[in-house]
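First the structure, in the form of structure tokens, and then the observations on it.
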Amino acid sequence: MSGDEIASDAPGPAGAKPGPALDELACTIEALLFLAPDPLTPQELADAAAVEQDRVSDALLLLAQRHAPGASGIHLRELAGGYTFATGPESEDAAKRLFSRPRAATLTPAQAETLAIVAYLQPVSRPEITRIRGVSADSAASTLLERGLIEESGRSQFGAVMYRTTSQFLKLFGLNAIDELPDVAQWDPTPEEEAQLRERLLRAGEARAGGGPAPASE
Amino acid sequence: MSGDEIASDAPGPAGAKPGPALDELACTIEALLFLAPDPLTPQELADAAAVEQDRVSDALLLLAQRHAPGASGIHLRELAGGYTFATGPESEDAAKRLFSRPRAATLTPAQAETLAIVAYLQPVSRPEITRIRGVSADSAASTLLERGLIEESGRSQFGAVMYRTTSQFLKLFGLNAIDELPDVAQWDPTPEEEAQLRERLLRAGEARAGGGPAPASE
Amino acid sequence: MTLPALDLDLDVFSGPFDLLLALVLREEIDLLELELADVVLAYLDHLEGRGELDLETATEFIVLIAALLELKSRLMLADDEQELLDLDPGEAAEELLERMLQARRFRSASTHLQQLFAREAGVRFRSAPPAAHLRKAIPAPADGSESPAVLGAAIGRLLRMPPVISLRHISTQRVTVAERLSHLRTLLRRGRFSFEEAVHGEDRMTVAVTVFALLELYKRGEAWWQQDESFGEIAVHAVASGRVGASIGASAG
């Protein structure tokens, strides 16, 4: 993908929609969203603009149209429990050239697994993560901490540091709240699959108890 | 999913001008100006968008109308030979109210722990703090330094930077002198232990960090 | 091929199998960091590459990997291990099944997270700080707004010792290569002994470590061994000085 594409078929402004005009309050809210480093809730916006919250909702509707993909390069997003501006994939190539770095590193499987455990079980301790994964999660957890996707949240009764996900995590994963993640039980096997698995394990256990050589199955 | 852009058919306010529609290039330039912390020259914009500079000038004209005072809360400014977005005086009161709202969660758990270690053991080195906590205290210590609650106080015999609390710290906690810190005895799980506080903290930290062979105990 | 020559390229280790074993047994590599399944896969790849199955090395491999698995599961189960050992096969299967399902659940969840992350590719946020005159509006917290009790309580939590883990079972199991080496060398003074003698009545972990010690002796040119038929007796011979080589090449392959 390159700028050529942009150059070759630039549609005249004639075709695009300008979106609605903004009233004074919408302009103020637009300014606040531009200035704030983190998403702002309607309540925070109402307090700052010194108006009622339902007037903020109206202004946000106007801004949503003005800042829709196609109408603007700056999009209004509802993320991490509030509203924020972000740019979209259509300007990513230009942004990459300007800042000469990709947006963010990808996640390794170990990091994604550790993040999933923290996201669903938070607060959860490092030893617990290790127990679930079967392999140590230390380096993955350190990287997630560095990247601001998880953070400490106190200690367990045994003194181990506990972790939770951050609002940065919600922002980067396009979520408004942690409960938007689907129920983890949806990935469980069907009862038939589970029964089969149980039976196989049972047979292996009996073979072992019967004194045969240990089957090397993990 | 609520991460998506929000849209509605709310009609714009009667009097205001919506400004022109933006073409694809203008959207891209708008995105770049939004992301960049400093002004961008037309040449930088042209290079990033991979187009000729005169096309950038056209796009900037569109953006100047769209982002004119009265039409938007985000204004296009020409500064130091480049272009940048900024908010105007009409949203300054709201912005000041936004930033002056009291911030929640003054100290994170990691910061409180790090600050407590420095307060009770000062001077204390960063590696010592890490040994006691069992996990790195780097980002917590940096934040405490930034907030002026701790400061450097020379180096240990091994060359590690040592920290102590500041007068700012005393003020925040309403103390006249550091010896007014509460006696730890009331929170001490094993008050019968005779050893020095520092030694006991280091021992407990090392035990947590894996005195055992395993991630057991959770 | 000899098993020690099996070359591995894993997340936490890259090099020959015997070095990996040595590092694990000396606790220089954390067994919990090691994906044993990857070791097995590497071995299967290796077998496939050779196109034939060498029963002897395959047996050796299974014994060693089983020992590693057992050691690893002990590490992972640690404090409730005693109870688990008392479980009947049915209960053990249930316990194992529960763990497998849990691991699988979160592996699937991680795939979902990866998809969410990919869907957001190309989304960027503004990171510029607000203008200086606006930042000045950020108020410092009021004097005395934090309670010193927060600090005392934090120290109290840090003073708590973690519960003591029972090492009783593991320490009785712990056996080092050095110990087994010295045991084998004692036996070698007779010139020859059978492997069965060396490990008679020992648990599987000790047997595995003894195999490793034997490999070590072979590597150092102190011993060679001979097995006339699969699963038959393994005779271990001391290498008389001056005749390192010939017979080893013939019998230890």
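For clarity, chains are labelled A, B and C in written order, and residue numbers in each chain start from 1.
In this text, a residue touches a chain if its C-beta (ideal position, glycine included) is under 8 Å from a C-beta of that chain, and two chains touch if they have at least 3 such contacts.
As the structure is a prediction and not an experimental result, all values here were calculated from the model.
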| item | value |
| --- | --- |
| Greatest separation from subunit A - chain, by CA centre | C |
| Chain nearest the global centroid, as defined over all protein CA atoms shown | A |
| Distance from subunit C to subunit B - Cα centre to Cα centre, in angstrom | 40 |
| For subunit A paired with subunit B, centre-to-centre distance based on mean C-alpha positions, whole Å | 19 |
| Whole-Å gap separating subunit A and subunit C, where each centre is the average of the chain's CA atoms | 34 |
| Residue list for subunit B, restricted to those that touch at least two other chains | 3, 34-36, 87, 95, 133, 204, 208, 215-217 |
| Where subunit C touches two or more other chains at once, by residue number | 32, 76, 120, 124, 126-127, 129-131, 134, 157-158, 160-163 |
| In the complex, subunit C residues that touch subunit A | 30, 32-37, 40, 62, 65-66, 69-70, 76, 88-90, 92-94, 96-97, 99-114, 116-117, 119-127, 129-131, 134, 157-158, 160-163, 204 |
| Subunit C - residues contacting subunit B, complex | 32, 75-76, 78-79, 120, 124, 126-131, 134-135, 137-139, 141, 143-163, 165, 167, 170 |
| Residues of subunit B defined as touching subunit A within the complex | 1-8, 10-13, 15-32, 34-36, 40, 44, 47-52, 55, 62, 66, 70-74, 85, 87-88, 90-91, 93-95, 97-98, 101, 108-110, 133-136, 139, 204, 208, 215-218 |
| Of subunit B, residues touching subunit C in the complex | 3, 34-37, 86-87, 92, 95-96, 99-100, 102-103, 106-107, 112-113, 115-117, 119-120, 132-133, 171-175, 180-184, 186-190, 197, 200-201, 203-205, 207-208, 211-217 |
